[in-house]
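What follows is a set of structures for review.
Two complexes follow with chain A in common, the first pairing it with chain B and the second with chain C.
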Partner chain A sequence: MRIVTVCGCGMGSSLMLRIYVEELLKEVGVKADITVADMMTVKAHSGDLMITTPDVLRAVKDTSSFTKVVVLNSLVSQTELNEKVVPAVLELSRELGKEG
Partner chain B sequence: MQAILDFLVGQIFGNAAVLFGLVSLVGLLLLRKPIEDVVMGVTKTIIGFLILLAGAMTLSNICTPIASWVGTILGVQGVQPNMWVVLSLGMSQYGREVGLALTFGFLLNILLARVLPWKGINVTGHIMLLWAAWVTTALAGLGYTGATLVLTATIACGVSYWFFVVASRPFMKDRITSEWALCMPNITGIALTSWLSRLIGDPEQSCEDIPVSDRFAWVRDSVVSIAIFGSIIWLIVGLIAGREAVQAFSGDQNWIIYLLLLGAQFSAGIAVVLFGVRMLIAEIVPAFNGIAKRLLPGSIMGLDYPTVFTFAPTAVFVGFFCKLLGAGVGTLLQAALGFPVVVLPSVFMDFWDGALMGVFADRFGGRRAAFLVPFVLGIGIQLLWGLSYPLTGSVLTGNAVCMDYPDCGTFGLVFLWIARFFGGGG
Partner chain C sequence: MAVLFNEDLVRLGIPAGGWEDAVRAVGRLLVEAGAVEPRYVDGMVRMVKEIGSYIVVAPGVAIPHARPEEGAKRVAVAVGRLAEPVTFPGKDDNPVDLVIAFSGVDNTSHLGLIKGLAGLMRDGAGLRRVRDAKDRAELVRQLRPVFTGMETQKRNAADRAPCLAGREV
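Entry: the complex of A and B
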């Protein structure tokens, strides 16, 4: 599974998100390749899941190169991460499992 | 034996690319990553560093002529505030010292948080790196060399990393969140905004009732906004300088087209630097994060700007535009009053710092504060940068760039005065 975390510059918040998501996936037992991206180049990326915040999404607009998009209101809330990212990841891994 | 030691010091630790590779190697090993991840991570870190240097060369090729034509034609030192240029120049000249100051500064931050009652820890890799680059380059400019340079820069970085987190904490806790703090060289902005906004405004009258169109969202895209605002600024400066003066540097190219393309060229250089930094820190930050968690469980994390943007999304844009406007007024004031140094608007950091001030202003003093305070502070910060700029040494002044963190004009300025007083020590 390919996941891209996106923020304004692709080095601060997106990197923290990558660290949080990596830990989360380890707990859930899903293997994924997680990369960071900034709002300008994210259109050149593609993947199964894009994780970002509402303000960045407003600037990105086009997310068609991703199967799923998760929007987090807080970059720091562990609860929100659990509630939004885990179901998305599990659903994607089921779908990918079917294809594979 | 001596030969081996010389080789280690000169070729291994002395080579900045290898040094950063080593830092990420230790980090990845501590995180117990599988061997293929370790090899890949270390390689990426080294490549990231080399990309950063390539960006530095591009930027320097653009900045040096600009610095000279602005200087000779307008008779003032025209300065561009841009942290990415500062970072790339600092890394290409003092990469080794910056790497050491960053790593040991981080460890000093952990030590301070362990022994002192205020448990703040910085984990924002790019901000730490940028700050280390500015501190090191400025100290080198004041004549510091070798071990004295590394030691002084390490202490300055370690204390600042810790200070940024613990100083932002009370303001964050008061009106935003107690879960985390911020780590950015903008304590000046946070503190002054919070105090002033409380005096002049009413938090009940929030900015968030003002509708802001999605069509402004593009200003967040730094590479695009640097190009567009940059072109406008250079066009104005160029028109003041006049056709003949600019033509001397633009050669066969039409002078207006030359001025309009400067912003885009500059932005292209920044994009390369950003790409390099992204690769460089992607492997180091997770390691820092892991170390911080293990050694200091439950400490307050210092996080990056956007973590507070969601608390007042409209104030983000109000703060940005008002800070940018203030910066423009500051530039005009410096030119009109005949200051020897005229600092142009930063644009890139006017967004991040203006947005941050906007959020704090809105929380402490509502709409009125969000419009007024970033504007007033924008003027002040521009003037203060003008004061600290001449102290930062030939690597930065030769390229006519200064650092665009507000604290460089306040705490940073005091630090440079003290450092100058003690001299180079070498």
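Entry: the complex of A and C
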């Protein structure tokens, strides 16, 4: 599974987000490559899941190269991460499993 | 590259009239320490104006930063405690009293610093200690291990011994 975490300049919150998501995936037992991008470089990326915040999503606009997009209001909330990222990741991993 | 963080990069009781004042005041510490050029601070402000307040990452905490090519000279972090909280655009429900500005020179050399920050942002007790520190020296003593990665090592060790972990939400 390919996941891209996106923030305004790819230096701060997207890296923090990658750290949080890595921890979470370890707990859930799902393997994924997690890449960091900013709102410009994300245009060159594609993947199964994009994770970002509402204001960055507005700046990115086009998310068509991702199967799923998860938007987090709070980067640091373990609850929100659990509620939004875990179902998305589990669903994607089921779909990817079917494909092959 | 070692993270630059010392008492010169801490300011307490900053009188800020608004979010931009606050970001510039803490950014100035990075400039005065020789970590960034003055235009880097403009870059930090521009990120908020152009994209939004996503840098307000935890309750009461903002982490302004910009791209390395906007005049970053070394990996550094500055901490400012505001005399009165300020609100960032669209974040009226989360007044900020702690501003942690940082600079990185490429996409990866500040990763240790970000790991420390990621841990701190979820560490309610740690943030409380930062808010309660009585002077700059005490604040540096608390945060230096966090920003230089020693705290992460300690936490990893605690994770290996689950009974000692005592996670906070």
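Criterion: the second predicted complex is superposed on the first by the 100 of 100 C-alpha atoms of A that agree within 3 Å, B and C clash if a C-alpha of one lies under 4 Å from a C-alpha of the other, contacts with A are read in each partner's own complex, and residues count from 1 in each chain.
Simple rule for what comes next: a contact is a pair of C-beta atoms (placed from the backbone, for glycine too) under 8 Å apart; a residue touches a chain by one contact, two chains touch by 3 or more.
For clarity, every value in this text was computed on a predicted model and none was experimentally measured.
Partners chain B and chain C, once the complexes are superposed on chain A, run into each other and clash.
Contact with neither chain B nor chain C is seen for A:90 once the two complexes are overlaid on the shared chain.
In the overlay built on the shared chain, the residue A:53 is in contact with chain B and with chain C.
In the superposition on chain A, A:12 contacts both chain B and chain C.
In the superposition on chain A, no contact is made by A:28 with either chain B or chain C.
Of the two partner chains, chain B is the only one touched by A:73; chain C is not.
Of the stretches 21-29, 183-191, 237-245 or 255-263 listed for chain B, only 183-191 runs into chain C once the two complexes are overlaid on chain A.
Residue overlap on chain A between the chain B contacts of one complex and the chain C contacts of the other covers 7-13, 15-16, 19, 36, 38-39, 53-56, 58-59, 74-76. Looking at the complex, you find that chain C touches chain A at residues 47, 50-55, 57-58, 63, 65-68, 90, 102, 104, 107, 110-111, 114-115, 117-118, 121-122, 169. Partner chain A is touched in their complex by these residues of chain B: 123-127, 179-180, 214, 217-218, 220-224, 271, 274, 277-278, 281-282, 285-286, 289, 303-307, 309-310, 313, 316. Residue ranges of chain A in contact with chain B, taken from their complex: 7-13, 15-16, 18-19, 22, 36, 38-40, 53-56, 58-59, 73-76.
Note for the complex: chain A touches chain C at residues 7-13, 15-16, 19-20, 36, 38-39, 53-56, 58-59, 74-76, 78-79.
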